[in-house]
Amino acid sequence: MKMIIAYIKPEKLNAVKQELYKREIFKISVTNALGCGQQKGYHESYRGADEEVNLLKKIRIEIAVNTDFVQPTIDAIIAGAQTGKIGDGKIFIVNLEECIRIRTGETGSKAIG
Amino acid sequence: MKMIIAYIKPEKLNAVKQELYKREIFKISVTNALGCGQQKGYHESYRGADEEVNLLKKIRIEIAVNTDFVQPTIDAIIAGAQTGKIGDGKIFIVNLEECIRIRTGETGSKAIG
Amino acid sequence: MKMIIAYIKPEKLNAVKQELYKREIFKISVTNALGCGQQKGYHESYRGADEEVNLLKKIRIEIAVNTDFVQPTIDAIIAGAQTGKIGDGKIFIVNLEECIRIRTGETGSKAIG
Amino acid sequence: MLKRLAKILAVTAIILISGTVFAGASTPAKISLEMFTINNIWMLVATTLVFIMHLGFATLESGLTRTKNTVNILYKNVMIVAIGLLTYALIGFGLMYHGDSWLLGKCFGFGGFGLTAPAGDAGLINYNGGAYTYWTDFIFQGMFAATAATIVSGAVAERIKLDSFLIFSAFYVALIYPIAGSWGWGKGWLDRLHFHDFAGSTFVHSVGGWGALVAVMLLGPRIGKYVNGKSKPIWGHNMPLATIGTLLLWFGWFGFNGGSVLSADPQAVSYVFVTTCLAAAAGIVAASLTSWRLQKHPDLSMVLNGCLAGLVAVTAGADVLSISAAIIVGISAGIIVVLAVFMFDSLQLDDPVGALSVHLVCGIWGTLAVGLFCQEYSFLSQLTGVIAVGAFCVLGAVAIFLPIKYTIGLRMPADDEIRGLDICEHGMESYHGFQIFTNQ
Amino acid sequence: MLKRLAKILAVTAIILISGTVFAGASTPAKISLEMFTINNIWMLVATTLVFIMHLGFATLESGLTRTKNTVNILYKNVMIVAIGLLTYALIGFGLMYHGDSWLLGKCFGFGGFGLTAPAGDAGLINYNGGAYTYWTDFIFQGMFAATAATIVSGAVAERIKLDSFLIFSAFYVALIYPIAGSWGWGKGWLDRLHFHDFAGSTFVHSVGGWGALVAVMLLGPRIGKYVNGKSKPIWGHNMPLATIGTLLLWFGWFGFNGGSVLSADPQAVSYVFVTTCLAAAAGIVAASLTSWRLQKHPDLSMVLNGCLAGLVAVTAGADVLSISAAIIVGISAGIIVVLAVFMFDSLQLDDPVGALSVHLVCGIWGTLAVGLFCQEYSFLSQLTGVIAVGAFCVLGAVAIFLPIKYTIGLRMPADDEIRGLDICEHGMESYHGFQIFTNQ
Amino acid sequence: MLKRLAKILAVTAIILISGTVFAGASTPAKISLEMFTINNIWMLVATTLVFIMHLGFATLESGLTRTKNTVNILYKNVMIVAIGLLTYALIGFGLMYHGDSWLLGKCFGFGGFGLTAPAGDAGLINYNGGAYTYWTDFIFQGMFAATAATIVSGAVAERIKLDSFLIFSAFYVALIYPIAGSWGWGKGWLDRLHFHDFAGSTFVHSVGGWGALVAVMLLGPRIGKYVNGKSKPIWGHNMPLATIGTLLLWFGWFGFNGGSVLSADPQAVSYVFVTTCLAAAAGIVAASLTSWRLQKHPDLSMVLNGCLAGLVAVTAGADVLSISAAIIVGISAGIIVVLAVFMFDSLQLDDPVGALSVHLVCGIWGTLAVGLFCQEYSFLSQLTGVIAVGAFCVLGAVAIFLPIKYTIGLRMPADDEIRGLDICEHGMESYHGFQIFTNQ
């Protein structure tokens, strides 16, 4: 099992969800995050003092999947989030050792979906 | 060492904390998250336009523990968060390679607690 | 590749960013979190009812780096966030199996920076 | 439920057809046209100020409760202004001020449905050396009416069903408020007793407070408020909003008390302004010190309650209390309100915004204070008024609530209460996009 | 763009030098000094109340839109008050109320730039049995003027360029509003036709509404509002703010309608208060029931719209409608406004705050209602007024917008619209530090 | 500290016992009862409007600072109204308006503690061709008093200890404000000099501003404001709140300036309305353009400051400036205020809300402008007034602050400042449940 973590642009969340659904990946968790990457920030100014803001609004997605779902998940995220412009985001994959469904206590691949 | 990540219902946080304390697990980190799982969402409507909301409010807990604390931690989360109803959440376990206490620079199992 | 997760005090974020930049680590993701650790909480009281608050405001940083950048990243976080007082936070290191740049589809170490 | 409301509405419209356009200017014989105009304009300005109290209540109540119920509270407050004005036009005004159409002793009378301005001078309300038009009379009194129901709204917040609350409010404001009011302001038996309630410590605030008490007892506390017998804090979500509400209420009180002189009499109105403001100020300082001492930290929500406590308490005697008495009434109200919040909490009567402590307790205190501080008023009469109105309101509220409880029910299902009334009753959020973290 | 504005400003200042300090007290011959003073003070209080409507619009409009555009909306609303007052002083007042300086039939006249109080009695405005000073006349009318432009601001929110909007507003309020107004209130041809618009259902609300309609059509909908032909909800971010806005608008309406009596006449002003409030209340109840039935849940934003709908609709006839007619006008406005929101949405005319439904549709309805419910006014005249003003405003708005569209452009670049106007136009955030989650 | 306050309170109550209930209506001999009533009602309406300025300050100041200090700011503002009114009743009124009880030249006099309405006509304040009651006089003046201390509150926000601030405010408003005021409005030596300050550019705004300047210098900047000699932005957390504050202040200013006519004189009051509004409008436009040019983006907080700058500046001469002069004063204030914000920032005088720039700088500018634009007033007298009041206030503020600094201290411990005053002083949060992200 793998844990897939992705940072995407906020306005792409719906598209990514759509693409995941198409590939029958229904369970995801989302948090809002600030990201500092290649993308240029913007300038905020307030009462004469300026600041370069380079922590931009991003959305962090966490999806735990069985190994055979890794590629579809990656494909879905790319299909939904790619614009080709800087700031599209990243996907990270981490090994997931165990997964437990709190409701039933089930573990492993059965619990993940 | 393991990193335990759990998604639970917000109103169960206090109960989970209680159960963790009972098992002498005192250190946790919490973020708020939105989760999309088996649980049915609800309908929001605004000025005539509707939307099915299926990203529900969840709380994400991150607990780094030494290996012998993994089972107690899982038990505690289940004890605190289980209602038996859909939406109770998931626990994920990832291998933790290193842990460093910023204050002292200590590493490994000493640093975790 | 490693995924470095750190919890620091909110007011140290700028200092940590500065130190990371010095070591040419430019890409980070940040979320706000609540942490429960060794640090004493504080007392909130409202209309006669009291509560001990021990979930303190923290900032969670996630940095994916190639293996040779792990030590500089740790050094930078410690340099920026250490005050020597309880509550300085923790650094956790997890193995990162894959990293994909959404914009280009690049993978691995090329994609990380 | 919707159908029922719709019918009531239709009836309203039909009956009100009796209302007619004013029949050209006319002045009361005794006072000059100028004086008539001044008095009338002041009463209208006062009406405008009383109106804004509804915004005060809406913001105060939503500020002191949680985000997940904010739309619901705002919705209720907006509806209550509307329901209050319409039912008062339909029936309340006729129940409260009917001249001398008593049907049952000096306890119950009825002057007829709808609004009809008597022709000529008869249509002018002569009062307190001044005069104003029939329409001014109605709109000023109508604005008062709705406030009583609004008081209930805060106490039952975060758990009552929306339709049940609206039905309760409609009946309470249409029947209980005006009948109680007729006993005093409508020249009924309490007025005979020389009972003095200048601007409504009893007739408005306590009336609302008693309704709130019944509601709180029937509803029970919010989930999570009392855990293993211990009271848990459930924080209000927006202190600026609560502060806006409190200061808008004070702002409106200039009209509430100042307008209750019922004329623009310079001495009387200005004196009422001074007692009102000094009592409010004294309430703030006293509540602040009390809270500081008892809670270790000064609690803003208590100070806001203290301000309102001073205002509510001085309302019964704003015209007759001496300056020092007004300040003492304010100080004591500021202390009492903090202790009352603790008391209701220890009785596990869950009142999210302190409405019982402010409106009921300090309304009673203010009414009794008139008997204590002013020789011309008897403590016994004041006490009689407090008890009689209390008994009537409690009975009335029970009589309205019980049928509702046993038909459509009073309380939200627990799951909905946890998710919040905004999503469950209105399908919307109060602060869309904001990240709200809550484990309650 | 900045330079252009700066120049306009300079010209203003210079021309206005003609304004002089008042030349000592003087009273109109016929009425007593007392009556003069009362009338005048009431008009000034009414002015103060109308002023606060700008805060009402600012909060309502920002509450019903997204956090990322809040600074922008607030900024526009603050600027509009300023621009409205200054241009009205410079030119608008002279275009609208110029006595009898008609240049083109009874359609267009001009009384000169700037403010100059005629000496002596000539400077006193005698109206409706009362009187007030030249300065009172100007400031009351000036406060009205800016509201028309503010109405546009809500409809074009979240996508229009700031400078384009400000330029449009300046011209619209300086030229279109006063010329249209002169036809009726300035004793022009519509007044001759016996067209009745008491306080501006047509001359203020529809004028704003027509401008908004043109703007909405030229701009197109917000990104993400219509996806594959389906309307998507774009939630307002702050319901307490929207409620504050609505109730402040009602509060201001006491001055808007009450002041439009143009004297402190007790019967007239108090009657207007009653019709205004009952129509607002009826609008609330009707919109609530309509929304409850059609949307399954009662939508707070619709109820707020319903309140304003009742107010806008009753504004044309607040002085002449019977009580029951006022209530019926309010009820129908409350129903109409909900349906109108659905209609505009299905036409993909994206109006974030419902300005078209409230101000345009109910403005028209209210104007026509005078013809339907009052025998002394002809439906045909009312219809003529509605159509003529509509045609003129649409042409005027197009004439102002098109040059802007083809020079500096009307609409924000898509990327900036997504990021939000606050960052892109103002370099700042409305709620700094708050975590806002949005995927829109 | 609590005990000390409690004692002061007790003394207040006792001394005030001298206050008595009004002794029945009576009119001044010369003017008609009607005129008396109108004047009096207008002054009371103006009082009501001035009152709401406290809500304006509370919301403006909290909107322009951070969430972690919001409860604290609201708390201070609510307390100040109360402290201001009570101390003014106790001693301030007697220090400021004591008829002719001078003790030290025309610099210091005292008319006695507490409130006592002189019997009969003697109790009526004859002023400016009008008249009003003793109580009206007190409550209008009392509302003014507290505003001076509120100005300080914004400048010292986010770092001052709560008890220290409250003690300072109590003394500043009880002693410094009324003594300075007595020099001009109390018919002291500045009045003799023909110094003109119509409604308080100097006696209210500068008095507050000088106190703020001393406080800011003694306190030092907020942690994180100046890093390595560079000024860092510390964003205000709630722009809608700041806008509400500003427009409520303008709303209140109708009473502040309009009421300062001290009668309902139609020409005078309406003229003051016009100058006040045009100056505010001019301040908005000028600040907007200045900010747009200098900061590249138009900064809403600057425009809000510009609005207030125009209002503060026109306040000294609202009755005597010509229309064009009023606009020029407004424009210059709008430019000055932006530059002043930059200047104070470069001097590392940290003023979170721009109180120094608005109230001190524009208060001075407005006072001097009367000397520049009106032939009947000498620039030298105006300058003398500015300097004398400045020197007195600075000395007074230092004399109050230093003992506090060396006993209980002025500034919060650094750790508490970082965590926020809401948690550390009040044990509560302003927006419970909201996720606030901050690295400051």
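As written, the chains take the letters A, B, C, D, E and F, and residue 1 is the first residue of each chain.
The rule we apply is simple: a contact is a pair of C-beta atoms (placed from the backbone, for glycine too) under 8 Å apart; a residue touches a chain by one contact, two chains touch by 3 or more.
Computed from a predicted model, the values in this text were never measured in an experiment.
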* Asked: If you take the chains that touch subunit C and keep only those that also touch subunit E, what is left?
  -> A, B, D, F
* For copies subunit D and subunit E, work out whether under half or over half of the interface numbers are shared, and give different or same accordingly. => different
* Structure fact -> Comparing C-F with B-E, the one with more C-beta contacts is B-E
* Structure fact -> The distance between the C-alpha centres of subunit B and subunit F, rounded to whole Å, is 51
* Asked: Approximately how many whole Å separate the CA-defined centres of subunit A and subunit B?
  -> 18
* **Two or more partner chains touched - positions in subunit F** => 32, 34, 38, 41, 45, 235-236, 238, 244, 295-297, 299, 301, 427-429, 431, 434-438
* Asked: Taking each residue of subunit B in turn, which ones touch at least two of the other chains?
  -> 31-32, 34, 44-46, 94-95
* Would you mind giving me the full set of chain pairs in touch? => A-B, A-C, A-E, A-F, B-C, B-D, B-E, C-D, C-F, D-E, D-F, E-F
* To do: Quick one: which bits of subunit C touch subunit D in the complex? Just the residue numbers, please.
  => 34, 44-51
* Asked: Hey, which residues of subunit A end up touching subunit B in the complex?
  -> 3, 17, 26-31, 62, 64, 94-103, 105, 111-112
* Asked: Where on subunit A does subunit E make contact in their complex?
  -> 10-14, 32, 42-46, 57, 59
* Structure fact -> The residues of subunit D that touch subunit C in their complex are 231-236, 294-297, 299, 301-302, 341-342, 345, 354, 437
* Tell me, which parts of subunit B touch subunit A in their complex? -> 2, 5-8, 31-38, 55, 58, 60, 74, 77-78, 81-95
